[in-house]
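Each structure below appears as C-alpha cells.
Same chain, two partners: chain A is paired with chain B first, then with chain C.
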Partner chain A sequence: MADLGSITMLLAIALAVYAGIGSLVGQWRHAPDLLASARYAAYLTPLMLVTAMLVLVAAFVDHDFSLRYVAGNSNRAMDPWLTWVAFYAGNEGSLLFIAAIFSGAAALAIRLAPDEVRPALPFTTAVLMGVTVFFTGIMMTMANPFYELPVTPPDGQGINPLLTHPGMFFHPPMLMSGLVGVGLPFAFAIGHLLAGQTGDEWVDTARTWGLVVWATLTVGLLLGAWWAYTILGWGGYWAWDPVENAGLLPWLPLTAFVHSIMVQKRRGMFRMWNIALIILAWGFAMYGMFMNRGGPVPSVHSFGQSTMGWVFLIFLAVNLIGAFAVFFWRYERLKSAAPLESRLSREAAFLLNNVLFLMVALVVLWGVVYPLVTDVFQGVIVTVGQPYFDIVAGPLFLALVALMGVGPLLPWRRASASGTMRLLRFPIIVGIIVAVIAVALGARAVLPALAFGVCGLAAAGVLREWVKGTQVRHTRGEGWPTAFGRLIMSNRPRYGGYIAHLGIVLLAFAATGSSFYSVQEDFSLAPGERAALGSYEVEFLGSSSTPRPDRIERRAVVQVYKDGQPLEQLQAGFAFYPAFSMAATRAGIRQTPVEDLYVLASEFTPDGRALFRVHINPLVVWLWIAGPIMVLGTVVSLWPERQRAAAALPAMRAMRAVRATG
Partner chain B sequence: MWALVVGGALAVVAVVVVLLPFFRQRREAEPDEPFDPSTGSGRAEGVRVQREGIYQALETLRLERELGQVDDAEYERQAGEYRRMAALLVREQERLLAEGASEEDGGPNDQLEREVAEARERLRRMEDEAP
Partner chain C sequence: MPYDTRCARQAPAPGAMTHVASVRRLAAASLASSAAALALLACTTAVSPLPESEQRAQAIDNSLICPICPGETIDRSQVQLAKDMQVIVRELIAEGRSDEEILQFFVDRYGERVLAAPPREGFHWLVWGLPPAGMALGLLALFWVTQLMGRRPTEAQDSTLRQAQGERGDADLSPYLQQVERELGDGGPSDEWRGSRLRGNDGLEEDA
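Our next item is the complex of A and B:
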C-alpha cells in the first residue's frame, strides 16, 4: 500500500516538473506538440496525487500502523467518522491534501482557460507547476506520509482531541484550499507579466478564480471561528491568534484585489495595484503556511508545528522577490489606460478601499510579528493582544464598512458634490436612525453606536440600489418580483457583490454586538443550585461521567430560565484524552437572533459541585448567517452570462483563425 | 507486489498520454499555438477584450443614469467618449482583418469578417440609441 502511495507521489512530481519545463521550452521553441504534451502532464498530476490521497485514507481505514503518519494521528478507538479529519491532522497529510487540491485546481484552470489568456498560458502553467512541485517535493523529502516504521506498533497514538469536532470536516480543507488557491490568480498575473501581456487579458480569469478562492477562504475563516467558539472553551470566536491572523492576512489584499480588478476590467486602471495586491495576497498566504508549519509564534494551532518553517520562509522569499522583480521589469508597461478623473468617483472609492485594506493588513502583520521584533531587539517576547487589534484595526474595518455603503452609489469617472449628497441622503438618514435606535436600546458608548449606524448606512446603500433599480424596471411594465429578479440577473457581478456586501454588514453587526456587549461570570454550583446572569438563570441539575476507549466524557446538565420562565436544558462539559493530557470542551449554547447563552462546565469536584462559566454573547448567530449570504453573493457574481458568452464565441473562433493564418 | 504493478501501470499510462501529442495528427488552429507578440493575434484579442469592456461600461452607464447616479449631461459626455473609443476599436479590428487577409492568399477570414460586421452593427445601434 505504502509503495503505491510513494510511486504516485514520484509520478506526480515528475509530471509537474515536466509540465512546467515543457511549457517554457515549448513556448521558447515554438513547439505546439510539446506545449500540448506539457498540458496533458499538468492534467495527470492531480490524478496521481488524488491516488496517493486515496491510498493514505485507505491506510487509515485499515489501521495500517506500519505508516508513521497513520500511527501518529489515529488509533483503533478513534470514531470511524473522524478518518477524514485524521487524514490531514498532521503536516504530512495536510501537505498531500494541499498538493492534490492545488494541482487539481491548476489543471482545471488550465483546461478552462479562455482564449484571451491562452497566449500567456505556458508561463501561467509554469508558475502553477512550480507551486505544485514545491508542495509535492517538500512532502516527499521532509514529511512523507508513506514513511514506514521499522516496527509496527499494535495501536496508534490517536487523533488530536481539538480536531474531534464537526467543523474540522470543512474548516481545515477550506482554509488550506483558500490559502493555496491564492496561487491561481497569482499565476495568471505573473504568467501574463512574463509573457509581456501587460494589458487586461488576464483580468476576467483572475477575477473568477480570485472570487472562488475568496469565498473558500471566507468560509474557511468563519468555520474556524465556529470551531473556536464551540470547542476552545473561552466563549469567543476570534482571538487574534497568530495563526488566525495568518489566515486573515491573505484575505485582506485578496478582498481588495477582487474589488480593484473590477476597475481594471472596466476602465483599464489600477494595473499596478492589482498585480501588487495579488502578489501580496500570495505572499501572505505563504506566510500563513509558514506560521502553520513551524512558525516561531506559539498558537492554539500548534498541532501543525514542525521544523519545516524555514523551507516555507525561503519559498516565500523566492516568490516575493521573483514576483516583484517581474513586476518592476514590466513596470513601464503597466501604466493605467486612463487617469483618475475625480476624487469623487467610483474609482476613487476603490482606491481608498485598496489603501484601507492594506492598512488593516499592515496593522495585523505588525501585531503578528511584534513578539519576534521585541525578541530580536529587546531579548524579551512581548505579545500584543486583542485590545491592540480592536483599537487599531477596529476603526479601519469600520471605515471599510462605511465605504461599502458609499462606494457603490458613486458613479464611475466623476460625480458632482450635490449629486453625491442626493444619492447618500437616504443611507445617511438610515444610518442615523439605526444609531439612534441602538442608543435607545442601550448602546451608550460612542463607538458601538457609530458602528451600528455605519452598518445601517451600508445596508441602506445596498437596499437603495435594489429598490431604485427595481423601480426603474417596474416603470417599464415589469412586475415587481420579475423586475427585481431581472435587475439581479442584468448585472450579476454588481448585484452579486451587493449580496456579499450584505453578508459583510451582518458580520460587522454581529462583531459589534458581541465585542462590546458580551458579559460573563463564573459560578461554582452544587446540584439543584441556581445562578443568575442578566435576565437568565441556570440551574445545575446534575452531572455524568462516561468512560470511552480513548477519553472520559464529563457532562453537566443545566436548566435555563429567562425572566423566571423555564426554557430548555443544556449540556456542557468536556472530553479528557489521557494519551494527550488534553481536554476538548463542549459548550452548551442556546442561540437566538438576539443573543447566545453560552455555558461552559470546566471542572467537576469530588463533592459533586461543578465550576461553570456563563456568557451572554449578543448577535453571534448573525456571524454564521453571514457566511452563506457571502457565498450566495459570490455564486451570483460568478454565474455565467449566457448571452455575453454566446456573443464572445465567434470572436474567440475568429482569433484562433487569425492565429492559424498568422 | 500488486502496488508495484498498479504503480507501473499508472506510469505507463502517464508516459503514453504525455507522448500522445507528438504522434497524433495535428489539427489546424490548435489552442497550443505558441504566442508570438509580433503577430496580429495578440493585438486582435486585446482589441476584442477592450471593445467588450466598452459595451459593458456603456450598459452600466445607462443603468446609472436611470438610477439617478449620473445626470443627463454627464451621461452624454461619457457615452460620447465610449462611442468614440468603440469606433476606434472597430477601425483597428478592420485594419487587423485587412492584415489577416493580405497574409492569407485567399480572401479574408469569414469568421473575423462576421465579427467585425457585428461590431459595426453594435456601434451603429449605440449611436442610434444616443439621445
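Our next item is the complex of A and C:
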C-alpha cells in the first residue's frame, strides 16, 4: 500500500511538471495539442494526489505502523473515529492534504475557466502547477508520509491530545484549504500579467474564486475560534496567538481584495491595486502555512515543528519577488479606465476600506515581528500579546465596521454632500440611539458604548437598503416577500454582500459583548458545596475518573442554578494523556442567546475537592451564528445570474465544437 | 427627456407621503431589532461585578506572561508557577501597591518578557508608535492617491474610458446619468427615494 502512495505521489509531481511546462511550451510554439495534453495532465494530478491521500487514510485506519508518519501520529488506543482524520495531524499529511486540495481546485479552475480567461490560461496553469509542484516536492523530499520504518513498531506514539476533538474534522481542512486557496486568484492575476492581458478579463473568475476562498478561510478561522473555546479551556476564543495571527493575516488583504475587485468589475479602476492586493494576500497565506508548519515562534497551535520553515520562506520570497517583478514589468499597462471623480463616492469608500484592512494587517504583522526586532537590537525577546493587538487593531476594526454602514450607501462616481447627509442620517441616528441605550443599560465605559453604536449604525445601513429596495418593488405591485426575494436576486453580488455584512455586524456585536463584559471567578468546592457568580450558582455534585486505553478522563458534574432555580447539569473536566503528559480540557458550556455559562474543572485534589473556574461570557453564541450567515451571503453573492449563463452557453458549445473538430 | 419619463412612470405620485411612511417603517424595524439586540445585553449587564480588587487582579493576571510556558498569560496557564504568581498579585494588591508597582515587581524578577505587551517607554515606542504613525501615513497616501486618480484622463485614456463604459452598456446612457446625478445633487423632496431607486436595482450599472 505504501508503495502505491509513493508511486502516485511521483506520478502527481511528474504530471504537474508536465502540465506546467507543457502549457508554457504549447503557448510559445502555438501547439494546441500540447496545450490540451497539458490540461489533461493538470486534471490527472489531483486524481493521483487524492489516491495517495486515501492510501494514507487507510494506513491510519488500519494502524499500519510500518509507516513512520502513522507510527508517529497515532496508536491503537485512540478513538476509531479519530483515525479517519488523524492523517493531517502532522506536517507530512497536512502537506499531502494541501497539495491534493490545491491541485483539485486548480483542475476545477482550469476546467471551469470561462472564455475571457482562456487566452491567458496556459500561464495561469503554469502558476497553478508551480504551486502544486512546490507542495508535492517539499513533501516528497522533506516530509514523506510514506517513509517506511526499518522495523515495524508494535504500537504508535499517539496523536497530540489537543487534536482529539470533533473540530478535527472541519477546522484543519477548512483553514488549510482557505490558506492555499488564495493561490487560485493569485494564479489568475499573475497568469494574465504574464500573458499581457492587463485589462479586466481575469476579474470575474478571480472574484469568484476569491469569494469561495474567503468564505472557506472565514469559516476555518471561526471553527478555530470555536475549537479554542471548547478545548483549550481558558474561556476565550481568540488570543492573538502567533498562529492565529498567521491565519488572520491573509484574511485581511483577501477581504480587501474581494471588495476592491468589485470596483474593477464595475468601473475598470484599481487595476494595479487589485493585483498588488492579491499578491500580498498570497504572501501572507504562505506565511500562514509556514507558521502552521513549524514556525519559529512558540504557540499552542504549532504542531509540526520542523526545519521545513526555511524552504517555505524561500518559496515565499521567490513568489513575492517574482510576482512583483511581473507586476512592475506590466506596470505601464495597468492604468485605470476611469478617473476617480470624487472622494465622496463608493469607489473612494472602497479605497478607504482597503487602506484600513491593510493597516490592520500591517499592525498585526508588526506585533508579530517586533520580538525579532528587540532580539536583534536589544538582545531580549519581548512578548507582544493581547494588550497590544486589542489597542492597535481594535479601533481599526471598529472603523471598518463603521465604514461598512456608510460605504455601501454612497453612489458610484460621486455623491453630493447634502445627498450623502440624507443617506446617512438614518444609520447615524440609529447608531446614536443604540449607543445611548447601551449606556442607559449600564455600559460603563466609552469604548463598548461606541462599539455597540457602530454596530447599530452598520446594521441600520444594511436594513435601510433592504427596506427601501423592497418598498420600491412593493409599490410596483409585488407582495412584500416577493419584493424582498426579487430585490436580493436582482443584484446578487450587492445583496449577498449585505448578508455577509450582517454576519460581520454580529461578529463585532459578539466580540464587543464578550470582550468587555466577561466575568470569571475561581472556586475550590467540596462535593455538595455551591458557589455563586452573578445570577448563577453552581453546585459540585461529584466527580468521576474513567481510565481509557490512552488517557484518564476526570469529570466533575455540576448542577447549575439561575436566580435560585435549578437548571441543567453540566459536565466539566479534562482528559489526561500520560504519553504526552498533557491534558485536553472539556469545558461544560450552557449556551443561551444572552450569555454562556462556561465551567472548567482544572484540578481534583485527593480530599475530593475540585478546582473550578466559572466564566459568564456574554453574546458568544452570535459568533457561531455569524459564520453560516456569512457563508449564505457568499453563496447568494456567487449565485450565477441567469442572463450571463444563457449568454455563455452558445459560446461554450461553439468552443466544444471547435475543440472536437480541431 | 427619456430619463424623466422613466422616473415619472415608476415614481408614485405623492412621493413625499411614501417617503415619510417609509422612514417611519424603517425606523420602527431598525429600532425593534436594535432593541432586541440590546435586550440581550441588558440581561447580562445585570450580573453583579466582582469586587474591585479582584477585577484589578484579573487585569494584572492578563498582563503577565507565565515565564515557563511561552505565550500564555498567568491567568490562562495551568502550571503551578502561574498559580503562585496569581497569589502574589493578590497579596500585593492587598498590601496596597499600584498596578504599575506590581508589574514592576515581576519585571524585576523575570525581565521584560514577563509582560504581555512591551511597556510604553524608551525603545518600545517603536512598537506602539508605528501603528498610529502608519495609519496617518496611510491616510495621507490615500489623500494623495485620490488626488492623482482624480486627474482628468488623457486623450488615450479617455477612449479606454468610453470603451470600458461601452462594455458595461451605459455609454449611451451617460449623458442622462450625469443629468440624474446633477439633479440629485440639487436635492428635491423625493431625490433620496430616486437615489436609492437608481442604485437599488443597479440597472444602470449591472446590465452587461
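We take it that the second predicted complex is superposed on the first by the 647 of 662 C-alpha atoms of A that agree within 3 Å, B and C clash if a C-alpha of one lies under 4 Å from a C-alpha of the other, contacts with A are read in each partner's own complex, and residues count from 1 in each chain.
Note that in this section a residue touches a chain if its C-beta (ideal position, glycine included) is under 8 Å from a C-beta of that chain, and two chains touch if they have at least 3 such contacts.
Keep in mind the model is a prediction, meaning the values are calculated, not measured.
Chemist: Which partner does A:Gly367 contact after superposing on A: first (chain B), second (chain C), both, neither?
Modeler: Only chain C is touched by A:Gly367; chain B is not.
Chemist: Of the partners chain B and chain C, which touch A:Lys562 in the superposed model: first, second, both, neither?
Modeler: neither
Chemist: For A:Gly196, is the partner it touches chain B (first), chain C (second), both, or none of the two (neither)?
Modeler: first
Chemist: What is the contact status of A:Ala460 with respect to chain B (first) and chain C (second): first, second, both, or neither?
Modeler: Only chain C; A:Ala460 stays clear of chain B.
Chemist: Counting only touches as set out at the top, which of chain B and chain C does A:Gln27 meet: first, second, both, neither?
Modeler: In the superposed model, A:Gln27 contacts chain B only, not chain C.
Chemist: A:Gly385 contacts which: chain B (first), chain C (second), both, neither?
Modeler: In the superposition, A:Gly385 contacts chain C only.
Chemist: Count the residues of chain A touched by chain B and by chain C, then name the partner with the higher count.
Modeler: Residues of chain A touched, chain B against chain C: more for C.
Chemist: Mind working out whether A:Trp234 is in touch with chain B, chain C, both or neither, as first, second, both or neither?
Modeler: So A:Trp234 only meets chain C here.
Chemist: Looking at A:Tyr40 after the superposition, I want to know if it touches chain B, chain C, both of them or none. Which is it: first, second, both, neither?
Modeler: After superposing on A, A:Tyr40 lies in contact with chain B but is clear of chain C.
Chemist: Classify the contacts of A:Arg266 with the two partner chains as first (chain B alone), second (chain C alone), both, or neither.
Modeler: Both partners, chain B and chain C.
Chemist: In the superposed view, which residues of chain A touch chain B and also chain C?
Modeler: 200, 266-268, 411-414, 416, 419, 422-423, 465, 468-469, 472, 490-491, 494, 644
Chemist: Okay, in this complex, where on chain B does chain A touch?
Modeler: Touch list, chain B to chain A: 3-4, 6-8, 10-11, 14, 17-22, 26, 28-37, 39-42, 44-46, 48-50, 52-53, 56-57, 59-61, 63-64, 66-71, 74, 78, 96, 100, 103-104, 109, 111-112, 114-115, 118.
Chemist: What residues of chain A sit close enough to touch chain B in their complex?
Modeler: It comes out as residues 1-4, 7-8, 11, 15, 18, 26-27, 30-37, 39-41, 44, 48, 51, 115-116, 118-120, 122, 195-197, 199-201, 265-268, 409-416, 419, 422-423, 465, 468-469, 472, 490-491, 494, 644, 647-648, 650-651, 653-662.
Chemist: Could you pull out which chain C residues touch chain A in their complex?
Modeler: Result: residues 10, 12, 18, 22-23, 25-27, 29-31, 33-35, 37-38, 40-50, 54, 58, 62-63, 65, 70-73, 75-76, 78, 111-118, 123-124, 126-128, 130-132, 134-135, 138-139, 141-142, 145-146, 149-153, 157, 160-161, 163-165, 168, 181, 184-187, 191-193, 195-202, 205-206, 208 of chain C touch chain A.
Chemist: Tell me, which parts of chain A touch chain C in their complex?
Modeler: 200, 234, 239, 241-242, 266-269, 298-300, 335-343, 348, 351-352, 355, 358-359, 362-363, 366-367, 370, 373-374, 377-378, 380-388, 392, 396, 411-414, 416, 418-419, 422-423, 426, 430, 433-434, 437-438, 441-443, 452, 455-456, 459-460, 463-465, 467-469, 471-472, 475-476, 487, 490-491, 494, 509, 513, 517, 519-521, 533-535, 583, 593-595, 602, 616, 618-619, 643-644
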